[in-house]
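Below, chain A partners chain B and then partners chain C, in two separate complexes.
And then the complex of A and B:
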């Protein structure tokens, strides 16, 4: 940020000078409504679900449930499907966020340099962001259908032979199909943020490099990439958090099946809680996962914060 | 934007070569973007082509004819004899009304609350600021599925389940953290000296926010508004649990109604999807420039 070097100091000085209750109470008054809504709609329900995770609450025993201590947590520790789904979610997240970054950076670089029709291109590239994730799920479920799907049809038209590839059933293929859908849906977000990053770079270093006869690749590698890193970091932090919650697309395309083969954490929790009616175990699993993603969030944002306010030059 | 883009029209060999590499690069970009656009084309085609072509084998690439019967069925308009679809059983206007009321109201609420919070983060120093900011981000990390479990029970007790008000409150909360974060960045990109000058001239802190900072941060408000609107308009996990009947059901869970036990009415589903996309496309097309300029001005940096 390019805040005034003395901005912080003048502010403190002025606060002391006006010294009024206003300057101390105003931030509180402005912040409070938002925090109240967050606590009511997210904080309190999450505490309630923590409480439920220590009981044997199910939809059928909603009136007579009691404490069972750590039973649900012991059950989930011993549940291989939970840990497989957990591992698969982490793998999915890692692959998706890195592929989205690479593809997104490539497109963003091309977009930033595009000469004709940038506004229209930008609107088109943002189309996937406007799709409801559930619609993306339906669309790719159809595209990867083994009998009438778009992918197998294209293969048929190209090769002239019928390919009946069971995309959504096979073990690595199902995972890949989910990955393709997720990448199609979310790369545009990366593109927008990284394009904004590239457009915000100062012009002078590039002109200097031009004079020195640097190649396009050298300019990209030595100038664009390092300078755009703060944007990369932010974009990847946001996407990682979103990917840790991935649900809609998977629910529609495979719903974790067949036989838990493409199960990710939230499809499993949903099935246990609402189809299996086991709210208590579902809450316990939610909690374990949410706490792990909290730690992850905390780690990611601690670094973002450092460069935000503390590093204000 | 970048001065480097404004190339002089050099009429020598290097200039010509440069022209061709630029053109080649643009063409590459168009091809890549086409990949992102194809599914859009697909849902438009599917919604208006003859039903028999949708699941045809071998595939039919070019539709024999196009009609708008599936849209007419959905809107309850008279259709030619023989046209059919599950759309006739779907209360489209009801869903459109619910979706619009929920998305617009909660976008507005989360913008107001998020803008105020973002302003505090950008302009005030107080103890525990980092902690408050971090807690907000943690709230954002709670997934819809995890939240839907306890909210389902609590809303049932409070009489909020299957009510528009319940969905509005829930979506407002979902969008506050990200709005606050974006707005913090947008406000920090505005020189502090401007509002300081206003305060010295006798404006109150609140007056400085409303008269000086807020007008300058409007592109940022538009950008945050897009993200909040799209989240509300498209959210599925919470909506599928809390909106049990057409009384409060929104578009995303309603898409499910086109899937029967044996058949899926792709024509009807894609027709509804296209209509659902129209407001988003208009909204994004209107503010896409402010969105990218706003993000470039510092909201996303670090």
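And then the complex of A and C:
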């Protein structure tokens, strides 16, 4: 009699369920080193920074800090710059994700239609992703420079008049300049994911729609878009997480200024924690932000799962 | 092969994991003890190291990099050869990067170097964190006598000497000498009038400019404000810069921006930007540390070569010349295991011979004797401005030099202040309201820091 190929496994599982405490502890023991490393590099720093957020720890008083309860959180909740930075971050995230989605979907749709040169096209589209965000920041800082920047020079060439527009200073130009830089840098990611989604769609529904005489727009609205939604939610979820912690480009281009005009959450955290030495307040702000980001991510992923489930119906 | 029983394996795995977890949770090494108010009695008497006196010792150094700063390090091999020791530069970065690293290292107690770059605007933080060794016990009065007194004193606090200066920066008024009718302003009121008067958009000429962010902006406000007779704090450390002098100084910045006498992007300018603008010939006059002299006088990089002049900083209502200054120097860390060797290295790096090499890069060195020799050499250059610049910076160092308050809270205070000052300049808030807001926030900072 030949034993069932999975019989051994079943026996092992049964043995684990019914076996001695040692058998049950073995997997845990094997995982312990990994768990210990994770606790050391993630768990402990997080718990320690949570603890710091309830103290008056600063970098110059690291030896004499004490517990101050919820003081930092109260200070934070009363801080108008924090709430402005928070609101601006949400707005930045919303605009960037949606614009990247719209532009990315358009480009992905065009690329999916390309018969020849798709590989080369994809390489070119991906180029912005190959630059470090800091370099992108420097590049756009120069492009939007009011004295010698590319944008003002283009305006001069087009109109014949000198335009000294302080792109990185005026409201809302500074915010728009940051948005342009971020969208330029990250839209390729959206394109890659959405193009993969579009190319993976089954052809039969489209052929049927063709036979029924559906227009291109109808096919896109009634077939492509609903079927590609799981990809859209995945790409948007990843980009939202990225954007919730946007820092590099902003730090280089405006550093949240001038006068907090383009302050986002993480430039403010940096200003408090490192420039201001106030690690305790910076930690409190990080925790508030992380909790809100967590809720946002949970909402997005819930929708991802929902859209996937609906896609199977 | 010896078999390990499952029980033994579990024991070892549990112990190893537990040990790793415990090790990760262990507190960082104890931070160095607080610096003594007075030099330790056991501190060695100052004496130059004998040849080969530190054989086998490796002195680790946390250094500033970039610009002309590294020329001085070419003298290190001579010290190594004379002492049989090694110098290992464990970190190099610009001033602000270096400062951030030092603050974090002192806070975390992870200092493993002996000598660190230091600055008069920053060292109070390191002293408060207990990171520096007081130096007065290591130097005789004779060894310190040659340093420009105000510079040396800028490195003292709490009765101790914490840094030995190598070179310094101090503000001078720089103005175009080729613009008809443009003369150096005597007061900050005249400065404002002149800047507005010489602004000419048709020629692409702005009256003036400032570095418009971070400590560069806070320090410039501080300079004008103190010249106007203001004081940042009263004798109980209550912030009082929302006084009439503060409002007048802040209003000057706002008025210049409102009159379009400054480039619209000035609130994003740092030191490099303002220097480039002046070199491009788009600025009539501005106040700046004169370290860019060589760059401005080079016709291949500057439109204003031979077309500009220097003057002492204007006075304010307080009848005080501006003179915001800072000195770069070296300190010994409290955690150093080789303090004598570290001090010896600092003596070498700040010796007349080494600072002569430093002076050849154009930096303004901290020793009077070397400075005198540099002036004498400049007098024979055939360019009168070479000597005039040096005469002025020496005069300013001797009479006008003002560092920011020597407190650890200077940079955090600046961090609160400069965004508000930017708002004042851009017209987002009135000067008085902005300064009132800044005073409230700075008071909280000082309160949290235990000043009241």
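Things to note:
Quick note on the criterion: the second predicted complex is superposed on the first by the 262 of 313 C-alpha atoms of A that agree within 3 Å, B and C clash if a C-alpha of one lies under 4 Å from a C-alpha of the other, contacts with A are read in each partner's own complex, and residues count from 1 in each chain.
Heads up, the rule we're going with is that contacts are C-beta pairs under 8 Å (C-beta built on N, C-alpha and C of every residue); 3 or more make two chains touch, one makes a residue touch a chain.
Remember, it's a predicted structure, so these values are computed and weren't measured experimentally.
After overlaying the two complexes on the shared chain, residue contacts for A:147 are found with chain B and with chain C alike. Once chain A of one complex is fitted onto chain A of the other, the partner contacts of A:276 are limited to chain C, with no touch recorded for chain B. The larger set of touched chain A residues comes from B, when the choice is between chain B and chain C. Contacts of A:123 after superposition: chain B is touched, whereas chain C is not reached. When the two complexes are overlaid on their common chain A, residue A:78 makes contact with neither chain B nor chain C.
In the superposition on chain A, A:301 makes contact with chain B only, not with chain C.
When both complexes are overlaid on chain A, the residue A:164 reaches chain C alone and has no touch with chain B. Look at A:30: by the touch rule set out above, it reaches both chain B and chain C. Looking at the shared chain after the overlay, A:40 reaches both chain B and chain C.
Within the superposed three-chain model, A:66 lies out of touch with both chain B and chain C [touch as defined at top]. Annotation: chain A residues 22-23, 26, 30, 33, 35, 37, 40-41, 44, 62, 147, 274 touch chain B in one complex and chain C in the other. Across the complex, chain C is touched by residues 22-23, 25-26, 29-30, 32-33, 35-37, 39-41, 44, 56, 58-63, 145-147, 162, 164-166, 168-170, 254-255, 257-261, 271, 274-278 of chain A.
Of all the residues in chain C, the ones that touch chain A in their complex are 6-7, 9-10, 13-14, 16-18, 20-21, 23-25, 31, 34, 100, 103-104, 106-109, 125, 128-130, 204, 212-214, 263-265, 267-268, 277, 282, 408-409, 411-412, 415-416, 419-420, 422-423, 425-426, 428, 448-450. Of all residues in chain A, those touching chain B in their complex are 1, 3-4, 7-8, 10-12, 14, 22-23, 26-27, 30-31, 33-35, 37-38, 40-46, 48-49, 52, 62, 106-107, 110-116, 119, 121-135, 138-139, 142-143, 147-148, 150, 153, 156-157, 184, 187-188, 192-193, 195-197, 199-201, 203, 206-207, 210, 230-231, 233-235, 241, 244-245, 247-248, 251, 266, 269-270, 273-274, 279, 282-283, 286-287, 289-290, 293-294, 296-298, 301-302, 304-305, 307-309, 311.
Partner chain A is touched in their complex by these residues of chain B: 1-5, 22, 25-26, 28-30, 32-33, 36-37, 39-40, 42-43, 54-59, 61, 113-114, 116-117, 119-120, 123-126, 129-130, 132-134, 136-147, 149-151, 153-154, 169-170, 172-173, 176-177, 180, 184, 188-189, 191-193, 196, 199, 204-206, 230, 233-237, 241, 251-253, 255-256, 266, 269, 273, 276-277, 280-281, 284-285, 288-289, 291-298, 300-302.
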